[in-house]
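Shared between the two complexes below is chain A, which has chain B as its partner in the first and chain C in the second.
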Partner chain A sequence: MSLKFLEKNASFSASVITLAILLLLRFTIPEYSQLIYLILFYIALGLSYNVFQGFTNYVCFGYAVFIAMGSYAEALIFKLLANPSISINPFVVVVIGLGLAVVFSVGIGLVVGAIALRLREAYFAIATIGLAQGMRFLIEGFKLWGGSEGLIISRNIIDTYGSSWLSTISTDYADMITFFAAILSIIVTYLLMNSKAGYALQAVREDEDLAKSLGINPVKYKLLAFLLSAILISLVGAGKLLKDQAVFPANAFSLTFTLEAIVITLIGGMGTLLGPFLAGILYAMLKYYLTTLIPGFQLLIMAPIVIAVVELFPRGIVGWIKSKFKGTLIDRLLK
Partner chain B sequence: MSFSPLIISILTGLMLGSLYALIGVSLTFIFGVLGFVNSAHGQLMMIGAFITYWMLTLYGIPPLLSLIISAGVGSIIGILTYFSIVRRLLNVPMLYSLSAAFALGIFIQELANVLWGPNYRGFLWNIGSIKYESFYIPLTRILGSFIGLGIILMLYFFLYKTRQGLIIRSIIQSKEGALLCGINAERVYLLALVIGIVLNVLSGSLLTFFVSSGINPYMGDVYTNIAFIIAVMGGLGSPEGALLAGLIYGLAESLFLLGFSYVPGISAYSATRFMMFAILMIVLLLRPEGLMKK
Partner chain C sequence: MDIILKAENISKSFGGIKALTDVNLDVHENEVLAIVGPNGAGKTTFFNIISGLYKPDTGKITFLGNDITNLPPYKRAQLGIARTFQIPRLIYNATLLDNVMLSSIFGGKKDLRTAKSIAIEVLKLVKLEEKANEMASNLTSPEKKLLELARAVAMKPKMLLMDEIVAGMPPAQVDDIMKLVREIAIKEKITAIALVEHVMRAVRYADRAVFLHQGKILIEGSPNDVLGNKLVKEVYFGEAVE
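Moving on, here comes the complex of A and B:
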């Protein structure tokens, strides 16, 4: 095994192995399942957001929309297909729901991305600030999909599959989907770091005009990153629906997820794989142990952290270590 | 069929439009000078609305007078924000200043929630009204819209009739050029941010002249959006554009609200908000440089 191969794959392998260990723990020690779900959730949230922000330097303030769309897609499919008159295997229902989640996120991502990614960062950020609210008002205003009352699927599950399925779906199914999304986001990040499309994207990020003059179409690649990021996080949203078995517009579009995604990406180190991965684990553990201590203060604590990181520590943990050991093996191993 | 709902709707729209113009002007002004997108805009307006509320309910200070206090608080916030957040982010990728301002907004609203609780608050302030057919137009609204226009006019005079104004305009036009001419950018940035945030907080206080209920920590989000839509429609960075766009926005919103209220089975308020987001997307698609740009 050559050093070059090791450098290229060390971070990737380390994160995949860590995920595998987490999965093993999940099945051997049931008490940890809630914590492990949170860890998987935040790894996936951080990494999939990083696929967009880390590779484009654009900020998306409406990221919660794609989580919400994943949840709504899964909920709609359950409402439609999980009823006693048509007996479809719950696994199939869940998979169809994931399919719809992808359709929804690609649809919205295409419209918003194609319009706003042509423009400078400020315009894109502005468009996406309106996005979460716009979608929420669409659902509440035109009373779509349950309007402001939201969609609740636990009744459908009980009536169709019996009450024993409630916990199977909210634990095993939800955890597996989130695991799937986390591993997929690691793979996508790895591919973006080591593929032609990824190199093009990095070129656009570093100098858009220069990249253009080399024949790279910036909008195309930014849109690609945006859509990949949207698809990944919509899967997490679908998993979240199975966990909560309900989706309400007031929570689904909340700013919290967006801020969490930004925090994890920035603290870990934008554009790296290990950064958001480690920060996601760290954040999930902090949240798991702190929520009981200081309920309701999460945003109040997190917001100043974002400001502090941006002001003092803009490269994040991994970025900082890399710059400390610039040119050494450590720099090359940490991706 | 009577046309009076339509006439009232247009009048309300224009009056609200002058408030919206102020909202848009303060956002676009900060962006024009500092290149800083103030995504905490709505939350700073919330602070303004709360100042008016507390001054009236705690000390009996009428809303007109508390505008002065709002301006004072606004300038303090402006100075603090400049030295703690904005200054170090002027020459780094925009991503960082965007994230910081976004976090600042969330911090302000969460702090307000801890201090004052999530309840909706409001007050009664009646100085009479004008009757038109079966409709009443409260005088506070008329007063509010004139104050809004008056403040914009003052900004205009400051920008076009004073030396400091000239310097600020030169930075809006060409930062490099202004720096080459020996302008102390640091001082101009501080001044512009303070002016922008004073206008920002004032617009929140003026909002209570139009709607004196529903004051709560999370009221800001909607106005951040409105501010952005207007600033983009007017051409980001152009105060004149924001003035025009604000009036158009107020009128359009009012007419949508009227129209949707005739459609059964939908919520007119939320539907209108969605339409305004759709309009932002259309403006970004067709004229991202703003409506006025030649």
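Moving on, here comes the complex of A and C:
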């Protein structure tokens, strides 16, 4: 195995192996399952978001819309197909729901991206602020998809598959979908880093006018990153629906997910693979233990930690280690 | 000689300031053209209009027979217009190799493998091949200019726009770089426009020169004629016109 090969693949392999270990723990030690779900959720959230912000340097404050769309897509399919009169295997229903989640996220991503991604960084961020709230008011105002009462699928599951399926879907299915989203976001990040698109995005991120004069169409590549990011996170949203078995506009469009995604990306290191991956794990563990140790105070403790890390390591943890060991093997191994 | 680029009646204003007024300029195949003029003459504006970063208020630009007036910069780059910037604009946290590969992949439409071999070739041309794997941020100022040149050449362009490539360099280095530019232009079959400001030494390497002053082309001719012109001398050195 050559050194070049190792440099290219070490971080990718390490994160995939870590995920595999997490999955193993999930199935061997049942009491860890809630924690492991959270870890998978935040790895996937951070890495999906990083595919956009990390590769383009653009901030999207409306990111929650894609999580919500994933949840709604899965809920709509359950409402439609989990029905005693049509007996479709629940796994097939889940997969169709994932398909609709992709369709929704690509649809909204294309419309928003094609318009707003022509704007430069800060203007784009401002333009997206209204996105999540706008969708929420659309659903509530027009009483679309259950309006403000949301969609609850537990009844459909019980009536169609029996009550034993409630926990199967909210544990095994939800965890596997989130695992799938996490591993996919690792693969997408790795592919982006080693492709033509990765080169283009690096140039666009550093200097958009320069990128144009080198023959790069910035909107095309920003849109690509935006859509990939939207698709990945919509899968996480679908997994979340299976976990909660309900989706309510007030929670689904909450700014919390967007802020968590930004925090994980920044703490870990924008544009790196290991950064959001490790920060996702850390964030999930902090959140899990703080919630159980001192319920209600987790945000109070979390906020200063976030501020301290961002202040001390402006390029994130992995970015900081890389710059500490600039030019050495460690720098080249950490991707 | 065939005309490769034709700029007709180009005007551009910024607010109330007229940066360019009815500029007409033909650039011929296989020539090195120098655009001379003092600060604020409109040279960089003209460059930005040709490369597409600015849209002209009036006028038309034709490149290799195609009207490119409304084409975005990235399409012009793909058609074969490469440029360097007055103040080098590099991807500073990427290696020299990656910087050069970028323009070959996108401007030159090459796959990664071909782009890499072109990049190594071009870095050899400007004698930066030993630093290929260093970060662009480690380079000295003249090296940054050379990297910009290498990056532009790696696109295999038909026309190369160089904005102040030798500004701030000692005379010997000006000679080296201008000789290199001519050498590359012949080897790679590139029509080159060298844009120079105060570096008269570099203008002498051009085949033809135009003098741009207050947004208008006033004089056109051989470098010696243009540099020897009374008006040019007056503008540069403040000599009285007799």
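Annotations for the structure displayed:
Rule of thumb we're sticking to: the second predicted complex is superposed on the first by the 315 of 335 C-alpha atoms of A that agree within 3 Å, B and C clash if a C-alpha of one lies under 4 Å from a C-alpha of the other, contacts with A are read in each partner's own complex, and residues count from 1 in each chain.
The rule is short, and it goes like this: contacts are C-beta pairs under 8 Å (C-beta built on N, C-alpha and C of every residue); 3 or more make two chains touch, one makes a residue touch a chain.
Because the structure is predicted, anything quoted here is derived from the model rather than measured.
Once the two complexes are laid over each other on the shared chain, residue contacts for A:81 go to neither chain B nor chain C. In the superposition on chain A, A:184 makes contact with neither chain B nor chain C.
In the superposition on chain A, A:140 makes contact with chain B only, while chain C stays out of contact range. Legend: residue contacts after superposition of the two complexes on their common chain; A:196 is shown touching chain C, with no touch to chain B.
Judged by the number of chain A residues each one touches, B leads among chain B and chain C. When the two structures are aligned on the shared chain, A:216 is found in touch with chain C, with no touch to chain B. Of the two partner chains, chain B is the only one that A:266 touches; chain C does not reach it.
Within the superposed three-chain model, A:121 lies in touch with chain B and out of touch with chain C [touch as defined at top].
Contact with chain C, but none with chain B, is seen for A:206 once the two complexes are overlaid on the shared chain. Shared contact residues of chain A with chain B and chain C: none.
For chain A in complex with chain C, the residues that touch the partner chain are 196, 199-200, 202-203, 206-207, 209-218, 327. Per the touch definition, chain C reaches chain A in the complex via residues 51-53, 72-74, 77-78, 82-83, 85, 89, 91-94, 98, 101-103, 105-109, 111-112, 135, 151, 155. Taken together, the chain B residues at the contact with chain A in this complex read 31, 37, 39, 85, 88-89, 92-100, 102-104, 106-107, 110-111, 113-114, 221-222, 224-225, 228-229, 231-232, 236, 260, 265-274, 277-278, 280-281, 284-285, 288. Within the complex formed with chain B, the residues of chain A that make contact are 53, 57-59, 61, 111-112, 115-116, 118-123, 125-127, 129-131, 133-134, 137-138, 140-143, 147, 255, 259, 262, 266, 297, 299-300, 302-304, 306-307, 310-311, 314.
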